[in-house]
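Each of the two complexes below includes chain A, the first together with chain B, the second together with chain C.
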Partner chain A sequence: MKYILNRLFFFVITLFFALTLNFVIPRLMPGDPAERLLMRFGPNIDDRAIEAMRIALGLDKEKDLFTQYVEYLKNTFTGNFGISYLHYPVPVKQVLASSLPWTLGLVGTSTIISFILGTLLGVYAGWRRDRKIGSGILIFSLCLRSIAYFWLAMLFLYVFGYRLGWFPLANAYSTKENLYGIKFVLSVIYHAVLPSMTLIVASLGNWILTMRNNMISVLAEDYIILAEAKGLDEGYIMLRYAARNAILPSITAFGISLGFVVSGALLTEIVYSYPGVGYQLYRAVLSQDFPLIQAIFFFVSLSVLLANLVMDFLYAFLDPRVRG
Partner chain B sequence: MNVLIAVLLMVSAISVASELSMVIAVTGPFQRNFNPYFAGATGYIAAGFIYETLIYSNTKTGELIPWLASEYEWSPDLKEITFKLRKNVTWSDGMPLTAEDVVFTFETLRKFPALDSPGVWKGGVTNVQKLDEYTVKITLEKVNTFIIYSIAGVYILPKHLWEKVEDPSKFTNENPVGTGAYLLDSFSDQVVVLKKNPNYWNADKVKVEKIRIPAFSGNESAQLAVARGELDWAGINYPQIERLAQQNKDIKYWFAEGNPVFLFFNLSKKPFDDVVLRKAFAHAIDTDQLVKIGMTGYAAPVNPVVIKSGYEYLIVEDLKNLWWKHDPKTAERLFQQAGFKKGKDGILAKDETKLSFDLLVPAGWTDWIAVCELLSQQLRDYGVELKVTPVDFGQYLQKIRNKDFDVVLSWANYGPTVYHFYDNFMNSNNAFVGSNRGGWIDERTDELLAKMKQTSSLDELKSIIAELQKIVLENVPAVPLYYNPVWFIYSTKNFTGWPSEKNPYVEPRITGMDKIYLVMHLEPVK
Partner chain C sequence: MWKIGLGIILFFVLMAVFAPYLSKYSPNRTVSLPYQPPSREHWLGTDRLGRDIMSQVIHGSRLSLIIGISTGLLMTLIATGIGMMAGYFGGLLDRILSILMDIFLVIPGIPLMIVISSYVRVRGPLVVILVIALTSWGSGARVIRSQVLSLKNREFVMASRVVGESNLRIIFFEILPNMLSLVASIFFNSVLYAIIGEASLSFLGLSDVSKITWGTMLYWAQNANALLNGMWYWVFAPGLCIVLLGTSFALLSFSIDEITNPRLKAR
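On to the complex of A and B.
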């Protein structure tokens, strides 16, 4: 019980610090949001448009930082994140509502698939570490880990999308016609194949390596030798004796990855023109869209911290030593 | 796997005839906002396609074309303009367009300055009055013939709907009702579809039945879509477009002259207060090389007086002997004449002043940075050191505004006509804060610019522009390098009638009314 209270206390403190940093850091950027907003049109900006934009964003009236901070805290806790600068006059809530589901779907699913696949391969690679298959998987995962994933994304797009034409080049569903019902769902899945393949392949290496290394250290334990001596089935030892004990660190890493899902996958989203939070955050930072930056960071910090908290609790449940 | 792909391919079948697909800008998923006064992908769709202006100012030809107003007339003292509205215009909900709507729109812009991006009230409009159901009179504080171009940026709003909106400057207008040629057919964050308005006042002219605008977040995917011939109109950049155009005969391109790009000097401090030194720079720079290598040939050359094609009649032939061109010998002579000698390090110096500067350029504008690198190389031969310094865009404008720079690569807003350009580029009001980035401050220039806004006589305009040209040529406030390209890639597979270098009837911009004027010229291929 004391452990749980302790964790909760840390959760609240960290969240508060995260919120404050989240307010301060974007404001350290030089420049003026109205100008940055119009910068995306490159050197075709009209000076009068900048002036009107400044009035719209309320930047013509000076507000001191403390008032802004109090407003920010109030807005955050009431769930009213204000109007986005970048998408003015669209409210931040609406921007998030249109991008979060895509990110959760794409990045969430990919993370889960990658974790399961990587961990299983890692278990097998650890178990068979002396055989060819074991070293094969090791080399394979080391290679995967060193590939820059935006490069992989562009390669997939070029080969499977453009050259072979198997998959669409952009967007989350067909933009060539309006689809409804099951056809729409199929179109969404079809469009998600390439981006999620990129994400899975890019993170697979890490899961394999983590799990393989855990396995190897667990396999040296006495109880494994005992199990072998007892003549238990190999598969049974691999999964029930070794993997079960080796998976704890992977679970922690998985929890944190799930927390980061909310922040999206920026480069994949850009390369495949996939609507998601990562891209929104990127553009928000470029245009100093404080309300949008704050809202996205709020959700990222919140979900990472929550994921940590849940993992801590789960640990207490999985590993009795922690409770002590 | 193959079966699955086949099924999925069938699901994404190809489009309908007489449907135009275009990319407005690479700005990511759409947000549902059809307020024509806010820039951004869907705001641009609203401006021109759904909402319209009283008159249309064609930047390319300089024409003012009557639009929702069938005619307009200046009063003899140039202090009033009377607009006659067309009588057959209806809003897409069936209500007629009347003078009430026009007055309401201008009043809304007055009450909410955030909406006044065309700058009509700041430009001196004092009153907008309804004379009868179809006539509106606009009164000016003082003579300003330029105001007509600002009025050409005012999108008329329906009073019966917008008067219920509490704050139009925070209104996303999700279900737009306009007078325009197109209605919103469907909206999603990945694609916006417009369909032709059957009751449009000029419906005979509109041959494009549907416009499909998919969202793109990255250049890669938009460029590949161009390469696959999926887009009829793309206003995006595309490296080595000429190779693609060779492979695919349908794909064509045209880089219209956009805003001019300059090497600006900080005129407020040493050593660039010296005109001889500025002239030396003008002769030292090889702009052809900048265009060919820096801009990979995708920019149009500029003349020293920055007068675009279409306005050649304003160029004064007698002043052509003052036009500078790339000429190393003259440049060297001018550097000497300004009193600069090469020091031990090979860099030109005079007393304490060394010709060694940071050349500012916005970070991430890769083509511009390439141009800066070339400039730096070209000038090194003369003994001038330019250190290319990419800075964050916000900081870039801030440094210019605070006069905290020596030389900077930047642009000037051309505006709808060459007259606007000279006003933007040379008016002391715009020194350091607007397009007059080097800070050219001169009484005679300001007088001429003020006079320019008080006349409607072409002869008088000509003589003013002639004197301004002379000032530019004698003083070199900045060195023009090239026109930044307006990227325009189009396909003749589904439509013909596109503007091109040979038939430049419109500047193919996606931002304002130009795009509807362009679409009205398109014919579906049978």
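On to the complex of A and C.
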């Protein structure tokens, strides 16, 4: 119980920190965001226009910082994120509602596949660490860790999309025709293959390395030696004795590594013009759509934190020691 | 394995130092027609302004290395400082710093960097260095903290405390020298992270894209739709350099862990 309360407390604190960052960063930076936004429309701006924009951004100087902060929190919790400049006059909320599911689906599926695949490879690499195959997997995963997600995305897009023509070059579903039902689902899956393949391959290295190192420390335990002395089947020892215990630290590392995957996914979406939050974020950055940028940061953080919380609970369920 | 890593790093350092002698052309000068395919004069063709891409790859190593290494240094400095303070002094300070570490650990890095960089008016290498280092020190600090926790109750630290050494002296002359290998490993990992971080920010156009790094080269390649025009080498070459340099730092970090952590060593 204490553990769970502890994790909940951390979740709330971190969420507030992310929210506060969102509030503080625009106010810390030199210059006036309202003025800067309007600069794009020409050099001569009406003072009243700047004042109006400031109020729209919640930056009006009349109110003190604390009132601004309280208002900001209230707005966030009531789902009022303002109006997107980029998609004017669509509210930010609506932009997010149409883009967040794509990212969550893509990242969720890819992470689960990658985690399982990487963990299995890591188990094997740890088990066979003295053999060529073990070092082979190790070097392969060190290389994978150094690959920038968006670069891999570009290569895949070129080879499988452009050269071989196996997969579509952009979008999350066919935009050429109206599809319904199962055909639409198939189209979505078909369009998601390349982006998720990128995420799976690019994040594989981390899972392999974590699991391999866990395996190696578990393999030094006495009960493994005992199992070997008993003459148990090798595969049985590897999976039932070693891997089962080695996977626990991997689960705690899961939440942290998820942050990397999400970061990578945002950039991958840009390459594939995939209509998730990453692509929206990119366009928001190009057009300095601050309300949208902030809302995306908030929701991305929220998703990662929630996933972390779920993993913490799962961990408590799997390992009775932490429940204590 | 560390020899391979060191070899690759040395290769890129030499490339950076002797860039003007190694490249045929100035990376910023128009030397041919735009978008030329690879030829004997231009091994990797030319970009949208008719500049030699091969020369840009060679010159790009300079800023990419400088940004990677200085970000790594700064990040390690912050991580070590905060980690040591939290671990050594304990108590309320430790609790606050630990929560701060964990927060920076779980908040996804790239989105945070994007938010910050999009508000900063100035674009340039210094901003990139600061943004990456200030947002990504969490994991390093956590590792240092737990190491200090285990070191501070060892006899030699106890002994110097009994003798009446000052806290600062104990931290820097007793504890720090005993975890230099850990600091080095964190540094190499930080450089790896910084190299990819720089490339990502540049790719989004959030750095000074008029400066030549491997990241900004990818930005221009993407902007010119290089892939759909069949100019895959324009994307491939700088990205491959990033992977090679990153892997070499990963190899160094891994080798240090292997040497200092006997549990990871081969049986």
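Here is the rule we use: the second predicted complex is superposed on the first by the 232 of 324 C-alpha atoms of A that agree within 3 Å, B and C clash if a C-alpha of one lies under 4 Å from a C-alpha of the other, contacts with A are read in each partner's own complex, and residues count from 1 in each chain.
Quick note on the criterion: a contact is a pair of C-beta atoms (placed from the backbone, for glycine too) under 8 Å apart; a residue touches a chain by one contact, two chains touch by 3 or more.
It should be emphasised that the depicted structure is a prediction, and the values quoted were computed from it without experimental measurement.
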First, second, both or neither for A:157, with chain B first and chain C second: both
First (chain B), second (chain C), both or neither touched by A:65: neither
Partner chain(s) touched by A:166 [first = chain B, second = chain C, both, neither]: first
Which superposed partner A:177 touches (first chain B, second chain C, both, neither): first
Contacts of A:29 with chain B and chain C, given as first, second, both or neither: both
First, second, both or neither for A:283, with chain B first and chain C second: first
Partner chain(s) touched by A:308 [first = chain B, second = chain C, both, neither]: second
First, second, both or neither for A:89, with chain B first and chain C second: first
Chain B/chain C common contact set on chain A: 29-31, 36, 154, 157-158, 162, 169, 270-271, 288
For the chain B and chain A complex, residues of the former touching the latter: 5, 7-9, 11-16, 21, 25, 27-29, 31-33, 35, 37-40, 113-119, 122, 169-172, 186, 189-191, 193, 212, 214-218, 220-222, 224-225, 227-228, 230, 258-259, 261, 362, 365, 392-395, 397-398, 410-411, 413, 415, 424, 430, 433-435, 484, 486, 509, 511
Chain C residues within the chain A interface of the complex: 1, 99, 102-103, 105-112, 114-116, 118-121, 139, 192, 195-196, 199-200, 203-206, 218, 222, 227-228, 232, 235-236, 239, 242-247, 249-251, 254, 263-264, 266-267
Contact footprint of chain C on chain A as seen in their complex: 10, 13-14, 17-18, 21-22, 25-26, 29-31, 33, 36, 129-130, 138-139, 142-143, 145-151, 154-155, 157-158, 162, 169, 213, 216-217, 220, 255-256, 259-260, 262-264, 266-267, 270-271, 281-282, 285-286, 288, 290, 293-294, 296-297, 300-301, 304-305, 308
Residues of chain A defined as touching chain B within the complex: 29-32, 35-49, 51-53, 55-56, 83-84, 86-90, 94-95, 98-99, 154, 157-158, 161-162, 166-179, 183, 186-187, 189-190, 269-275, 279-280, 283, 288
